[in-house]
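Handing you this structure, nothing more for now.
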Amino acid sequence: MDNALAANHTHEAGETHEHVFVPQHRHHFETEQQQREAGTFGMWLFLLTEIMFFGGMFFAYLLYRNWYNPAFVAASNQLSIPLGAFNTAVLIGSGFFMALAVWAAEVRKKSLLVLFLAITTLLGFTFLGVKYVEYHEKWEKHHIPGEHFDVSEFVNPKAFGLKETPLAPDMAAKTQVFFSLYFAMTGMHALHMIIGIVLLFWLMYRSQRGDFSSGYVAPIENFGLYWHFVDIVWIFLFPLLYLINRHP
Amino acid sequence: MSTTIVRLPDQATAQMPKRSYLNNEHGLLSWLLTGDHKRIAILYLISISFFFLLGGIFAGLIRLELLTPQPDLMASDTYNKMFTMHGVVMIFLFLVPSVPATLGNFLIPIMIGAKDLAFPKINLLSWYLYMVGGVLTLAALVLGGVDTGWTFTTPLSTHYLNTNVVTAATAIFIAGFASIFTGLNFIVTIHRMRAPGMTWFRMPLFVWANYAASILMVLGTPVLAITLVLVALERTIGIGVFDPTKGGDPLLFQHLFWFYSHPAVYIMILPGMGVISEVISTFSRKRVFGYTAVAFSSVAIALFGFFVWAHHMFIMGVSNYSALVFSLLTMLVAVPSAIKVFNWSFTLQKGSITFETPMLYAFAFIGLFTIGGMTGVFLGSLGMDIHLTETYFIVAHFHFVMVGGMLMAFLAGIHFWWPKMTGRMYPESFSKLSAVTSFIGFNLTFMPQFVLGYLGMPRRYHAYPAEYQVLNVLSTAGATVLGIGFLLPLLYLGWSLKYGKIAGNNPWQATGLEWQIQSPPLTENFTEIPVIDYEAYDYEWLAHKTEQEVTVG
Amino acid sequence: MHISPVLWQFLVKWLNSSALFPREASTIAPYTDALYFFLLLITVVGLVLVGALVFGFALRYRAERHPVAEQIEGSTLLEATWTIIPLALFLVTFVWGALLYFRIYTPPANAMNIYVVGKQWMWKAEHPGGQHEINALHVPVGRPVQLTMISQDVFHSFSIPDFRVKREVIPGRYSTVWFQATEPGTYHIFCTQYCGTQHSGMIGEVTAMTPEDYKKWTEQSTSGMSLAQNGERLFASMGCNSCHSGNAASRGPNLAGVYGSKLQLANGSQVLVNDAYLRDAILNPSQHVTAGYSPIMPTYQGQISEDGLIDLVEYIKSLDSNYRVQQTLTTSDSSNQAAPNTPGMVKP
């Protein structure tokens, strides 16, 4: 993202650098190497802020899971493992294709790069689609926190044809805390996915234009870091939210 | 060799350079789309001045209302909105970006010998985010205000108020990202862009201080961001993370909020400390006493600063053990500040001291910050905190550190680097007058508040028992003087843009890299990247250099 | 901390008469003030020291007198000095402050208990004898008083500056504070945590009275029903007695003498039964099941007001034997809708 102006940036005639001139190099960096290192370093720092961002919610999760463990178990068992596992696989797959995209950029294969980015995007959409299905199910069951939240399924699971142990009403009410965190955490994660997909479209456009076909791979690489980070957040979310105390 | 340190140069011969960052390009768009860190610094300077003025007006109205014990100037709701907006505007839109986004933005690349910050476009984005945050804050104000207090305490903010909480929270969320990006830019720049020979321990202390503050911005702000997201979600769709009726814990909000907001005060004060180090060294023509200790104390403050947040919650029923730990850590974080104060004092020893305006502000800083810091120890001490917290003692302590410390440092810095930023000198006599006026006004405003606090007057009170009136009148009177002290610079600095004396490259005979280039600097700062072969604050090197220039000339 | 009483009296009287210092009206106040004066002292000494250094050096080494600066790197010895001395002082402050903290927040065992409920924007005080006050609190001097406080809505904070005590009043949990008034008189109660529009109106007065006056006041202002009596009615009307009947075969545990005991819970942990535990067990019973009982108690979250909970807690505290419980059982058996004046605390 450092070089959008690179194309129309002109070096002054008198300025000479020891390195080979590359179009993406911005003149306030001494060398292109320095620019690349700065970009990567900046990206890692940004990911650190992201960790702190999600960290706040993980902290809340830790607290309430300890307080309201039975409610967390019961509410977690309402989530669909097949859908969650499928989504995990989808994200790992998209991470794999993202890595391939970085490789394609490094070996300067334009069409492969675009293809891999497209697959990554597609998998991103798949993830969001599945997430939509899951959210919709929660909506129908009145498991969205707020005024219409309904605990009857946890108090009286038999009436719903479930084999869960019923929760005492006071504990059942705490499932709302679980779902609050579930929606906040997966919602924030989904928001990061959406931002990622928007960026993917932009990268695909630029790859198509040939921006990354001459050895300049920093944006692809840095976006890759971001995308992997979003994957990793999910790798934590999946067991924490879906797999509490499951007994086959 | 005689080491006569050259006195202030003859400015009659100084001329404005033909080409500088100011006149390199013309037109509004060349400013609004600039990538130049110096121009972005100026954009920031203009916008934070506006918000400072706005926050100051709120402060004035608050003091005016408190002139009498009865509620008479405005209704309670209005008063509550006033102090909320005063807090939000001053903290998130003035203090947090004040020194880093203006002086830091302008100077850090130059001080380490770089042509710009690592990510100029992110730097510009940061200013736009700040502006969006500012406009949203104004929107919250115009749409009817918000009265949560700047602390957004739940469940008050989530369930019991029908004002524009979400708008204000969004504003702070967005302005928070401006601060994250500034910090990120600084850290990357300082790590990766130093000129050859500019080792870590040759960097000016201003850079060290901003580096420490940047760490806090990058790690602390996201936690505030997510906390505000949760507050907004709780208000809009009704999730239950902080809501006691749904099983949530309102104390969790306090923990998350103060996890940012305590380090935030170090974000605000650390860059100010950096300014003071530069100013004191320059006007005593002497290397800062114990450079390494001052540098490390900045980093120590930043690190310890992350582990003291619960001292805001001593009376809220945190467990005894955590109260003990947090009180102890609070005591420890006070030590590096004490070290700094003594190091600054001893920098003066055997110096050759002159008393230009920045130096006066720096003296004011040392005195007021000592009081502000020591009263912080009062509050960090568990038993004492019970009586003092949530009273005017807190208000006075906070303003001593933030206004007496940070704002004085900011003004010291603005005056100190004004010649570099604009190429012109500010009028010395007026500025000395304003420094003295604001010092007197400040003490008159906030000293009585310590007494009021110990008497027990609670903060955020619209009406108060009549026996507290005398001290409140004193405080309001002081605020008037303080207001004049702060308005003056706005006027004469504006005047000096056109009529000020031309400054020349190095009016203070300071050693920093920024003083070795023309004022105002070129867009690319350096015509060739400097190679640094001398320590920071090496006045002998400077004298030698000047001598050579004279002989060559 | 022992301070010369004569000097202390003189100092405090002088400060009081100049209206710059709050009255010292509790046993805690002198301890708090002692720490305050210690801190003031080190602040002033520190300030004078820094001021002397800055002004001394500034005059001695001003450019006119000292045109050439001597470059000094620093001095490890000096720097160690001003690291260690402040650190030592701060550590003294820490220990002193911590001792004071525990003194202020650890009530003596013989303290009399008064309940305080905070809500936007008033303080309700409820004495065990059934005296109810709004924005006022009557206490005897010379006797430790513990306040058990809770908020019905947002955060409040209960502060009596002249007693040097303050504690946050939080929704959803009891917090306590204690004091022992020394001087009869009236003193301010403030809410110090910002709580909305009328925050500054959430003030009241605490009246400290001689024991005789206090006795008179309690007799005159009682509503006729002690909190425990109110609680007893509530206990019956909510049907608590049907399970907590005290019989060996009853479905709920025996409540007589439960207060203050160590209770073994079904989840294996052991708890001390205090006010907070009782309140929590009524609202979130499934987390507080006594060992040997099944988790069948419904939650009363949202069904009993904080005042009602206080009545119930006070009732359970007062149960030494099951005699009273049996009594409620017989009354509610004999006439099913017994009391026409079922306490109004029960929300519909």
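We call the chains A, B and C, going by the order they appear; numbering starts again at 1 in every chain.
Here, a residue touches a chain if its C-beta (ideal position, glycine included) is under 8 Å from a C-beta of that chain, and two chains touch if they have at least 3 such contacts.
Being a predicted model, the structure only gives us computed values, none of them experimental.
No other pair of chains has as many C-beta pairs in contact as B-C.
Geometrically, the chain at the heart of the complex, using CA-atom means, is B. Centres computed as Cα averages put subunit A at a distance of 35 Å from subunit B. The distance from the centre of subunit A to the centre of subunit C, with each centre set as the mean of the Cα atoms, comes to 46 Å. With touch defined as above, residues shared between interfaces to two or more other chains in subunit A number as follows: 173. Residues of subunit B found to touch two or more other chains are 249. Contact of a single residue of subunit C with at least two other chains is seen at positions 301.
On the side of subunit B, the complex with subunit A involves touching residues 35, 114-122, 180, 184-185, 187-189, 191-193, 218-223, 225-227, 229-230, 233, 237-241, 246-249, 252, 255-256, 259, 524, 529.
Interface residues of subunit C facing subunit A in the complex, by the touch rule stated above, are 283-287, 295, 297-299, 301.
Within the complex formed with subunit B, the subunit A residues making contact are 1-2, 4-5, 26-30, 34, 37-38, 41-42, 45-46, 48-50, 52-57, 59-60, 63-64, 67-68, 71, 144-147, 173-174, 176-177, 179-181, 183-184, 188.
Interface residues of subunit B facing subunit C in the complex, by the touch rule stated above, are 3-5, 7, 71, 76-77, 80, 147, 149, 151, 153, 155-156, 159-161, 244-245, 249-251, 284-287, 289-293, 314-317, 320, 323-324, 327-328, 331-332, 334-335, 338-339, 341-343, 345-346, 348-355, 363, 366-367, 370-371, 374-375, 377-378, 380-387, 389-391, 451, 454-456, 458-465, 467, 470, 539-540.
Subunit C contributes residues 19-22, 31-32, 35-36, 39, 42-43, 46-47, 50-51, 53-54, 57-58, 61-63, 66-75, 78-79, 82-83, 86-87, 90-91, 93-94, 96-105, 120, 153-155, 157, 159, 161-162, 164-168, 170-173, 175, 188, 190-201, 203, 301-302 to its touches with subunit B in the complex.
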